[in-house]
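You will see chain A twice below: alongside chain B first, and alongside chain C after that.
What follows is the complex of A and B.
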């Protein structure tokens, strides 16, 4: 198991290398002189030259790439000359809010979508199934910013139950942390619910049609055992795949919801860095997002192996 | 299972079919009267097709199984053998299936059981062995888990050791040489023959009175087939179980069964004790099946005979007299005119053919 995880982590190095090269190329392909961009329009030639030296832009291109890559592997994603901060700690300080919203949203989505999908599969072709499908279609076609705004109108303006925006750290006020999370989490969950409930419905329908379910029925197992004990376990691999995929996207694409609810997460950092033309920060975020996908994929693969003994035997 | 016995209403459903009951040959009535464990009377199973139409898959099937008896149901593919056997445990999807007639097991009417009683019956008093062992076990659960849950579903009061012991006993009875090791394994780690033993073990773990085996050896190679059939026979001898054995292999029937029902296109066309059937097959379809089977001893013919054509769709022949008419070498005009009923031949021997006498004459002359 440990060896498998190590192997997978090592195999991530080439991926990071490719993303690293692309990120590196970003500041060089973006046109103009990076040092000039950093220094600003009013800077004197001497100032630009000093910054160029500081940024290591005088070294040859392969040398620059090598330095950037070695630093990256050491966790040093560079220095933002615009914020005058190191990139890595800045990203890390924005991770927690994004991760909170994403995890909370994913949990809400799973808690709603999986029972819905299983119910729809069990009542395949009947009214309950059609209602679930209609609900899934509705939530798919509802953009998360719209869902967020609607939720805000209902819970903040009408019912006055929840705070409208912002983020509170749990170390300061745990209740506040949760109440501030609910609305952004629910609005990211809407699309997830649609995805996951459709996937669990279709994979459950497949599983319910298989021979081992017939065996389970012939053994005298109650329907609930057939559904959750036998069929669900077998249909959880496709569900896990889609959850893993969409979870990565929740982190990478948190921009909209973070803007609507004013959550100081990665999404806001991305937007602000682009507006500030902070190439170093954007590079760092690219690497970070790639890393998130790699880790999520790794967790998904480990979970596959936990569920399926055949995969376990092949991988470990 | 006393709960089920109390809840029966045998009278109602049998009375409803008195009309056909009178047409039955005397021999068959007798076999039913001798306190049969399972009685299937005039069973009609229809499935919902396109545009809410109902298509009959099985029509007017009658048979009974006595305690300790092995009943064979034979016929080509898609003639309703599996549909019949699934109906005994009501395994069809009830929303798209309509049952008529009656199935009485151990005094209780299967079609009037509540869902709970039905669950108690399935895997309890009736065990079921499916055709393809590779797919009939859950790939993600160990053999032990799949055995244990079958015990737990029926006997809630047992302690951990007792459950374990009955799992091991069931696997041993199913012919496992190392039940403890098997319990730890996943299905993909066992061979097809081993898996079918596991499926048999699951079927008999709660000491059923009746075992239904739907082509239990079709997916396996011949040597394994022999071993498994021996296991099934041993179970009958050791536990006094009744077995319904569904197969398309006349050789298996000859080795295993006490009685045989030959099915063709959703109907039973001949019903007889096994020796009688092999010695004096009367229905042209049975004769065809036997002629297509290599003899167990004596000289082998150069070529085996075949039954011409293939099984037509039920919808193509329904209501137009004898269903075998399109492939029958002895067909006459009268065969196509009206529905053919079961004709009594001897005690407990019947065939659904109106030209039995002529066919007998013909065979005498031919030989």
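What follows is the complex of A and C.
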């Protein structure tokens, strides 16, 4: 088990390096002068020069890449010259609301999508299956921010059921925290529902066609036990994979949805940074999300081994 | 050499038969036909109607602000008195243009990358790690940073999204190509002395193109969604150009008073993406013989 985890950790290193190089290239290989971009249009030549020196842009490109990379590994994602703040602490102070929306959304998605997928597989080819597939295509086509806007019109304006916007910290008011999270979380969940229900449907169909299910049916095991006790256990790995792989999109969805519901998370930081033309901050956020994505996928890889002993064995 | 020529001579007939059976499968797949037909209809409406009707989606009119839908303005007017119906059509033209451009660029590059990554495993390993790195970034954040470096314009949006979507296409093409590499016919061609160019571009291509078309269709839909999200947070197609994302951006301040500013561009966006996804799902069934049955 320990060796398996080590192997996974090592396999993340090249990806991490590529992520760093791409992010570095994005800001340093553009036609314009990065110092000029950071300083803004009103800055004088001296100010631009000072910023260039401060950013280390006078060093050679490989040197810059190295410094930048070492900083990244130390958790330093850069400096915002507009806010005059370090990027990393600013991002971290905005993480909690975004994470709340994303995780709550993921929970809602799992609670809806897995039963739907299992139902569709059980009724493969029949009406219920077709309805689930159509529902999945519909939710893939509905971007989360649009779902948010429409939910807002429906629940806030027409039914007057839920708070329109804002965010309450759970330490202040737990009930308020939950009610403020419902709409953003449901909006974020739309795409996840589509992905997870499709994946659980197809992997359940594979599992239900296998010999051990035929045996279970032959010995008279009730259908619900065949489905949940046997088939589902074996189809949980592809479901876990899709949850890990779509994590980036989940966060991206949460970022955009936040702006609809005025949640003070990373999304708001992105939008404000766009307005302030603070691209250092946005770049930091991009790398931060990529790092979280890599970590989440490492965790799912390790979870495979926890779920399925065969994967543990194979890696030795 | 003669044998090699014989193989070449057999090819065209086989190709034609292959494409005919695909075509028949397309004709007998309702979701491909309906999805494709509706997509064509939407595209034609967005391009032709504003042009034929000589409609103006840009001139502001202070005496016609925030009018609710009526006969004169079937979808109402926005906060500066522009006709929402016209702007929905123009926005559709912008969104579809972005989607098609991204699908074409990332489709072609992804195809080449995927094909060679499968054929030359060592280059392939490197290329796939680069793809892994690119895929770690959410499309929207990557595109916003790209725009920060290269300037906010429709061209930047297209370029940024094309880069983001290359790995998705490349992965699909690579795995489809690798499946083919293990087939006997490739070994036969290698033994006959065919070069890599010939094997890849005349033989394997035909077996990979189905999976590729399906993936490119989904990239088309995804690109439209990401562009809309970018414009919605003010970092996409520059204002005042009409795009569905830009219209939804404008609508946010008036969501309590002018629901039509949100609902019409929103429904147009969701409907278009739904139709493209339906088309893609249909194509997937057409090209995947296992599912066709």
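Annotations for the structure displayed:
Throughout what follows, the second predicted complex is superposed on the first by the 287 of 316 C-alpha atoms of A that agree within 3 Å, B and C clash if a C-alpha of one lies under 4 Å from a C-alpha of the other, contacts with A are read in each partner's own complex, and residues count from 1 in each chain.
Note that in this section contacts are C-beta pairs under 8 Å (C-beta built on N, C-alpha and C of every residue); 3 or more make two chains touch, one makes a residue touch a chain.
All of these numbers come straight from a predicted model, not from anything done at the bench.
Considering which of chain B and chain C touches more of chain A, the answer is C. Legend: residue contacts after superposition of the two complexes on their common chain; A:75 is shown touching neither chain B nor chain C. Looking at the shared chain after the overlay, A:211 reaches chain B, while chain C stays out of its contact range.
In the superposed model, A:153 lies in contact with chain C only, and not with chain B. By the document's definition of touching, of the two partners only chain B reaches A:222; chain C does not. In the superposition on chain A, A:2 makes contact with neither chain B nor chain C.
Residue contacts after overlaying the shared chain place A:26 against chain C, while chain B stays out of touching range.
Taken together, the chain A residues at the contact with chain C in this complex read 14-15, 17-19, 21-23, 26-27, 29-32, 34, 37, 133, 137-138, 140-143, 145-146, 149-150, 152-153, 157, 248-249, 251-252, 255-256, 259-260, 267, 270-271, 274-275, 277, 279, 282-283, 285-286, 289-290, 293-294. Residues 129-130, 132-142, 144-146, 148-151, 221, 225, 228-229, 232-235, 248, 251-252, 255-256, 259, 262-263, 266, 269-271, 273-274, 277-278, 281 of chain C touch chain A in their complex.
Considering their complex, residues 210-212, 214-222, 225, 229-230, 233-234, 307-310 of chain A touch chain B.
Partner chain A is touched in their complex by these residues of chain B: 89, 91, 119-124, 127-128, 130, 132, 135-141, 149-150, 153-154, 186, 188, 199, 202-203.
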